[in-house]
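Chain naming follows the written order as A, B, C and D, and within any one chain the residues start at number 1.
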Amino acid sequence: MSLQKDLSVNVAGLKLKNPVIAASGAFGFGREYSEYFDLNRLGGIAVKGLTLLPRKGNPPPRIAETPAGILNSVGLQNPGVHAFIEKEIPFIRQFDTAIIANASGNTVEDYESMVEILSAADIDAIELNLSCPNVKEGCMSFGSTAQGVSQVVSRVKPRAKKPLIVKLTPNVTDIAEIAKAAEDAGADAVSLINTLLGMAIDAHTRKPILANVTGGLSGPAVKPIALRMVYQVSQAVKIPIIGMGGISNGIDAVEFLLAGASAVMIGTAGFVNPMAWVETVEGIEAYMEEQGVKNVTELIGGLMV
Amino acid sequence: MHRIETIKKMKKLNEDTFLIRIKSEAIASRAVAGQFVNIRCSEGMDAYLRRPISICAIDREDNTFDLVYQVRGKGTRLLCGFESGDQIDVLGPLGRGFTLNPEHQHIVVVGGGIGTFPLLQLLKDHPAKKKTAILGFRTKELVVLEDKFKKHSHELLMATDDGSYGQKGFVTTLLEQMLIKERPHMVYFCGPAIMMKRGVEIVSKYGIPCEVSMEQRMGCGVGACLVCACKTKKGEDWDYSHVCKDGPVFAGHEVVFEE
Amino acid sequence: MSLQKDLSVNVAGLKLKNPVIAASGAFGFGREYSEYFDLNRLGGIAVKGLTLLPRKGNPPPRIAETPAGILNSVGLQNPGVHAFIEKEIPFIRQFDTAIIANASGNTVEDYESMVEILSAADIDAIELNLSCPNVKEGCMSFGSTAQGVSQVVSRVKPRAKKPLIVKLTPNVTDIAEIAKAAEDAGADAVSLINTLLGMAIDAHTRKPILANVTGGLSGPAVKPIALRMVYQVSQAVKIPIIGMGGISNGIDAVEFLLAGASAVMIGTAGFVNPMAWVETVEGIEAYMEEQGVKNVTELIGGLMV
Amino acid sequence: MHRIETIKKMKKLNEDTFLIRIKSEAIASRAVAGQFVNIRCSEGMDAYLRRPISICAIDREDNTFDLVYQVRGKGTRLLCGFESGDQIDVLGPLGRGFTLNPEHQHIVVVGGGIGTFPLLQLLKDHPAKKKTAILGFRTKELVVLEDKFKKHSHELLMATDDGSYGQKGFVTTLLEQMLIKERPHMVYFCGPAIMMKRGVEIVSKYGIPCEVSMEQRMGCGVGACLVCACKTKKGEDWDYSHVCKDGPVFAGHEVVFEE
C-alpha cells in the first residue's frame, strides 16, 4: 500500500487510533482475545456490561443460532464495577487502546452511581447501556422511550467526567427520536444498535431454545436494520454515532461510516472469526487505498443520497 | 490458536458418526485429553457459529488429531461435505481437559453416546495401572471405536439402552455394580447430563472423586461471550462458570446439575 | 404416511384447508406461480397490496440482497382495487383456495372505501395493511401507534362484511399493545409481521442500493423477531394470529404455530424456491406424522414455556 | 419450469468469464433467444436470491444450453465452484425473448460486455440474410466468444474502450458509422443502459426499429414480486413494466431510459 492514510477518529473527545472497537459483551475484558491478536491494533474495547453489584446472569442455554445471526440471553453476567476496576483495568491498560466501560443499572440511581464510580476510574469513556433486552428491570425499559432516556441521561450527565456514550435499543418505533432525546439530555455520543428482541423454538421439543425464552438478535442478519437506524439517527442528531450490528469486515464497516457513524463496534462476527476485529481495520485501510481516501473521517456520513 | 489446517482423513464410522483427522502441529503438540476445538463447518452463513467438538485422539508424532462426531443438525451435516485434503478452520485446543493424577492407579471412564469420544485420549494418556471403560450407546448400530477403547483399557464394559449389544441398561448401573466390588481412585464421566448427574451421585456415595465433561451451546468458545454457562458451586452459593474456559471438564462435586 | 391428518384451520371465520397462505406482495395475483404448482394446494392467497387507484410504485432498484434476507421497496405497485375485482378474482376463483385481499390507503377514508368495495367482492377475507414501510403516506404511519390502528380499525370494521385481518408492522416498540388496540377496535384477526425497515449501501459507489434509500427486510433473517412478536401477541390477544416472517419450510411453520399462530404466510422463501409454499404444507404434514399429531390445531400455541 | 439439472461443462473463458453448459430438455426445447434463467448459486444463505443469467446458446439436438457469466459478486463467485456433473437448480426459460421477423433481411446486433452473450443465440436463430454483429468490451482481455460470433454473423465489428482490440471507442459510434452507409431492418441492443439509450436515439434518427434487453435486480424472476421495474411508455404517460416478465427484451421505443 502506498497511500499515507490516517485512520484515527475523535468521537466526542474519545480519541481512537482507528474506528474499530470491540463491542460490549462479545469481548469480555479483553483477556481471551489477547491470546489471538495484539490488542494494540484495536481502536478501543467496550468491556462486558457492568453493574454495581456482581450479577449471575440468566440460566443456560443462553445462545441460539439463527439464519445469519445469533440470539443471546446472557443477562449481564459480570463481576461488578468494583472488581472490574481492580482486576480488569490494569490488564487492559497494558495495551494502547481506548477503554470504554459499558454500564447498566436497574434504577436511575444505579446509573448515577455507576457513572460516578467509572468517572473516577482509569477508563476513556462510559457507554450507558439503556438497551439490554435480557434483564427484567431497568435498562431497555429506560431505553425504549424518549422520556426514559432523557431522564437517565440528564441525571447522569453532570456526574460524568468522561465522554458519555448512550447505547440505544433498536426495539423502538422511532430511534431518531430517542437519539435526539439523548442528545438533548447531554449525551456526548450515541452508539447503536444493541440487539433486537427475538426468539427461537425447537419444533421437536416444542420448547424455546433459550432458557430465558427470548434473547437479543445480533450478527449479519441485523445489518440492514442497523444501517438504516444509524442513517436515520445521523439525520436527526449532531453528536457522533458509533455504529454496529452485523459488521464482519472492512466493507461492512465502511457502509456504517458512510451512513453516518464516526466509529464502529463489532461483536458477533468475532465469535466466528476471531480475527474479524483486526481484519476489519485492515479492510478499511484497503478500501481507503483503493478509493484514494487519505483520512478515514472523509467517509463519515459520505453516503450520496 | 486459530488456524486453517488440512484434513488428512475422513471416515464414516457408522450411519451418522464420522471421524476427521486433522494435521496440525500447533494443536497436536498442545492439546490434552478432554479439550475441544471449535470448528467452522461452512465458510458462509449456513452454519454461522462454530461447532465445539472434543478431541478424541491425538497422534503427537504424526502431528494429527482426530475428531469423532455425530450428525445432529446443519453444522455437523456440512462437516460431512469435507474431504481429505480440504482446508478446515479450527480454533483450539480450547478449555480445560481431564486431570491426570499419576497417583490414581485405577481409573474408570464412563461414557455415553458422543460422550465416549473424548475418553479415548484420556485412556491413552493416563498413567494408571488399571483402566476400566464403561461405555453406553442407544443401540448396537451406534457403537463405535470399540477396538480402540479395548486397546487402551484393561477392562471394557459395554451397555446399550435396548440390550442389542453388551448389557441392557445404563452405564451408571454397570458402574454401581462395579463399585460394589472395587474402589477405583478416580472416575471420569462424559455423556448426557442426566447420566453424569446420576454418576456423580453414585461415586459420591462411595467417596470416590470424579470429573465430568459438560456440554453447553457456545458462542466464542474462548471465554469472552459468557453464553456457555454451567452452574457450579461457590462456597455456600453457586455461580455460573463457563464450559468453554472453566470446563468442559469440571470436578464432579463442583457442578450443580439441574433437571 | 399412515396417520389420518386434518390440516384445516378456521381463522376467525376464514376457513382454510391448510394453514399455509401465500403472503401479500410475493405472489402477485397467483397467475405466475400457477404455472409452477397447483394453487389448489394452498390454504389461501393474500394478493398483492391493493389501493383505491392504481399505483406505479417506487423507482428501481427495488430489491437488495442482505444476509439471509432481502430488502424490497416496491411501494405498492398495483392496478387498483377495481381492476383486481374485474380481472384477477375470476382467475383465482378457479382454484379452491381462500382469497385474502390486502388493502392499503393513504387516509382513513381510503381504508373505509376499500373495505366497502372489497366486502362486496367475491373474496374470503380482507387483510388491512397498516404496515407497508415503502410508501410515504398512510399505511405504516397508522400502524405504528395503537391510536392510529384503533382509529382505522374502528372506522372500517362496521363496513367489513368479511373477516377483517389487521396486518401489523414490526417497526414498533410494543407490538402486543398495537395488536391489542386492533383487537379492541374490532379486528377479527391480526397478521404479522410485515417487513422491518432496513437499508443497504454499496460501499464502492457510496450510494444506497435501493432507489428509495430504505426498504423492508424479510426472509429468514427476520424469523427470530417475527417468532418473538407472534408469541408476544399471542399472550396479549384472544383473536387468531396469522404468523409470518422468514418461513421457508414446514418446521419453520410449525414453530410459528407453536408460538401461537393459527396460520402462516410465506413470501420471500418462494423467490428462492418456488415450491416453498407446497413443500411447507408437506413439511407440516410430515411433522404431524412424526409427532403423531392428528389435528394441526393441536399445535397452535403449543409452546411449552 | 423449476428444475434440478446436470452441468455438462464448465469452462473458463477468461480471467473472470465462465461458461456453463447445462443439460435440460425442458429448457433447451422451450427457450428462445433473449430469454434467461434464474439460477440458485448456493443451496443455503450465502447468495440467498437466485441470479438471472441470459441464455447464450442453445443446442436443441443435444438438449443443452449455455450460460456465460462474469464474476461480479458473491453469487457468480459461488457459481465458479460448480463442476461438470454437479446438479444445479434452474428456473426457466423466463421472460420475453427477441422478436425474429423473417421479413428483416439485414439485422444488426449491438452488444457491450456481458450484454454480448444473449446476442449469440439470436444470431444463430434469426433467418436474416445479412447479420452484422457489433461488439464492445472494455479491453482486449475481456473479449470472449469472438469465434462463435464470427461463425454466426456475416460481419463482425469489434470495439474496445481502450483501443486494445478492434476499434477504440463505443459500439454506438461503430453503429452510427454503419448507418450512414447502410439501412438494416432491425437492430438489437444488449449492454449497459447508457449504451442502449444512446443506441435507441441513433436508430430512431434513422427510423430503424430496435429491441433492447434490459437488466434489473430481481426477486422471483417470474413476474410475481414486481421488484424488477423498468419504466416504459404507456400512451402519453409511463408505467413500470417488469423486466423478468414483460422483458428482458423490450421494443426500443417503449423504454424510458433514465440517467
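The working rule: a residue touches a chain if its C-beta (ideal position, glycine included) is under 8 Å from a C-beta of that chain, and two chains touch if they have at least 3 such contacts.
Since the model is a prediction, treat every value here as computed from it, not as a measurement.
Counting only chains that touch, the fewest steps needed to get from chain A to chain D is 2. Shared contact partners of chain B and chain D do not exist in this assembly. Centre-to-centre separation of chain C and chain D, using mean CA positions: 36 Å. The distance from the centre of chain B to the centre of chain C, with each centre set as the mean of the Cα atoms, comes to 46 Å.
The distance from the centre of chain A to the centre of chain C, each centre being the mean of the chain's C-alpha atoms, comes to 34 Å.
Multi-chain contact residues of chain A (touching two or more other chains): 64, 67-69, 219-220. Counting partner chains per residue, chain B shows two or more touched chains at residues 45. If you sketch which chains touch which, the chains form one closed loop in which each chain touches exactly two neighbours. Chain pairs that touch one another are A-B, A-C, B-D, C-D. For chain C in complex with chain D, the touching residues are 25-28, 31-33, 35-36, 48, 56-65, 67-70, 72, 74, 77, 209, 219-220, 268, 270-272, 274-275. Here chain B touches chain A in the complex through residues 2, 40, 45, 47-50, 91, 216-231, 239-240, 245, 258, going by the rule given at the top. Interface of chain A with chain C (complex): residues 64, 66-69, 71, 144-145, 171-174, 196-201, 203-208, 213-214, 217, 219-225, 227-228, 231, 246, 251, 254-255, 258-259, 287, 291, 302-305.
Residues 42-46 of chain B touch chain D in their complex.
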